[in-house]
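Per-chain residue numbering starts at 1, and chain names A, B, C and D are given in the order in which the chains are listed.
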Amino acid sequence: MSIKLLLTGGTIDKTYNESNGELHFVETHIPEILELGRNRSDIDIQQLLLKDSLDMTASDRQSIADACTNAKQDQILITHGTDTIVDSGKSIAALGLENKTIVLIGAMIPYVFKHSDAVFNLGFALGALQALQPGVYITMNGKIFNWDNVIKNREIGEFQTL
Amino acid sequence: MSIKLLLTGGTIDKTYNESNGELHFVETHIPEILELGRNRSDIDIQQLLLKDSLDMTASDRQSIADACTNAKQDQILITHGTDTIVDSGKSIAALGLENKTIVLIGAMIPYVFKHSDAVFNLGFALGALQALQPGVYITMNGKIFNWDNVIKNREIGEFQTL
Amino acid sequence: MSIKLLLTGGTIDKTYNESNGELHFVETHIPEILELGRNRSDIDIQQLLLKDSLDMTASDRQSIADACTNAKQDQILITHGTDTIVDSGKSIAALGLENKTIVLIGAMIPYVFKHSDAVFNLGFALGALQALQPGVYITMNGKIFNWDNVIKNREIGEFQTL
Amino acid sequence: MSIKLLLTGGTIDKTYNESNGELHFVETHIPEILELGRNRSDIDIQQLLLKDSLDMTASDRQSIADACTNAKQDQILITHGTDTIVDSGKSIAALGLENKTIVLIGAMIPYVFKHSDAVFNLGFALGALQALQPGVYITMNGKIFNWDNVIKNREIGEFQTL
């Protein structure tokens, strides 16, 4: 049994742009996290995008949906920006992929920061993914949320049930 | 639904002893990892021991068994040294706690090292714990193992199915 | 013999703003770096500003000049944004403080990033400061520059002699 | 003007041995630290040994002495275990290399630990080395010590003047 890991970007994969002091995307850090975690699960990584989720277009979301539909694996993990991760969860649930377990995750602080939640979050998501029943979930803050029972509380920067 | 987190020590919680250049136990780093992961699951931490698992006595193992039996929570996570984690899994399974999900984890490299697998492992275990059916499991290397189908391959430093 | 450490902000002290994904100032990390370096030199820290050096006003520069003039210590270290560090070096040199050794430093990557040059740079500057003859210097990239013989090469993100 | 950097090992370069849970030497981390510090000084690295300084032999000390004598550079930095760094400083001073500035450094905590003083110490030593008059020095704890006026206070793990 293997896992499909779809990368779309989001805060987790941003890094520092020395020329202007802002954050941007250069390349994904997800393989580095899996190596740190000494992961030996069979994971097939596919990079769809490297974008802030506020910048995702309809075409981007379609490519995520297509990748979920076409994946031969029944366990799918998606890295995603937290701002629209709930929206993407909803649109993926609408695909009605009954045999698949799909988990979306992100991070509040990019991996490249010392105090990032990225490593914990990716570990958590992979653990949940391999144990959950088919369905669409978002895992953040050490919790597993059903796609239709979660919001990002922007004031405190946490995910909560409705 | 809340989680019981039993600490017994193991490599994950060792730190550097400046006076002799060896590794030893001072205090647990597990709360620090949970904070790094911005965990908001309700976790009740109980420190039973802080020992290398090769130094555990029969009395130590009894205290772990008692804590599992007496925990009011149905989800129990146990941090443990990797050298005898499989033995402890077996003895906990023998308790026949039918309604409880119990996950044992450790790390190959202490949390205090830059390249430690501790943060990933603790995240993974917490994700798996909250999704697994009742039973006794060991999670390492990004995989979920049943207690009776896992060994530590010391030559390569990885956990594998039998 | 003690050291005056004047903080003005700059990249070295920026941290992540979770609410908008940008970098901003909250509080200085310099004491944390000194503790990491197990520093036991007598250092008197005075925070003048916490600003991007592109946002410094004439009034800000005057406060730096005043602090240099008024410091009772003969060794002064100043943390500063790299974009105008050369300008500040020039204006401090113009004060003609003949008995004082003054070193300005910054970082290309904030301390809060895993791959930051902040710790190395602060260590380097403190080592140079305690050994240099009176004068005004900028230390970056493992080099000691006289204030009047250095530019920031923005294309490659390095400091060089003229 | 370039720098000779002689590596002898010491705590700074120890790493974790997964097979027995102890610390040992595999390869030096010094180039990694220089890269982290974005060093652009011209440094010629020569690895003489990778040893705990308590294990150094007379032959090892002779190789350090020879390397100092034969170096064509006038600025020499030596990484060294802290337990006998003062002894090596004395034997190097006895060489009477009048035109050379020689700085010995180590670390109390190996580079591979999150809370290591290695990066700060190496930066500090390089800054001091490039500014000091000829002589033999030990730099630790953010201070520059003359070779004949320093001891390691083992009780508190700090270097102090006599």
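Heads up, the rule we're going with is that a residue touches a chain if its C-beta (ideal position, glycine included) is under 8 Å from a C-beta of that chain, and two chains touch if they have at least 3 such contacts.
These figures come from a predicted structure and were not determined experimentally.
Annotation of chain C and chain D: not jointly contacted by any chain, touch as defined at the top. Each chain's centre was taken as the mean of its CA atoms, and the one lying most distant from chain B is C.
Rounded to whole angstrom, the centroid-to-centroid distance between chain B and chain D, based on C-alpha atoms, equals 39 Å. Chain centres here are Cα averages; for chain B and chain C they lie 45 Å apart. Chain A and chain B have Cα centroids lying 26 Å from one another.
Residues of chain B in contact with two or more other chains: 108, 115. The full set of touching chain pairs reads A-B, A-C, B-D, C-D.
Per the touch definition, chain D reaches chain B in the complex via residues 11, 14, 16, 18-19, 21-23, 52, 108-110, 112-115, 154, 157. Remark: chain D residues 33-34, 36-41, 43, 108, 115-117, 119-132, 139-144, 158 touch chain C in the complex.
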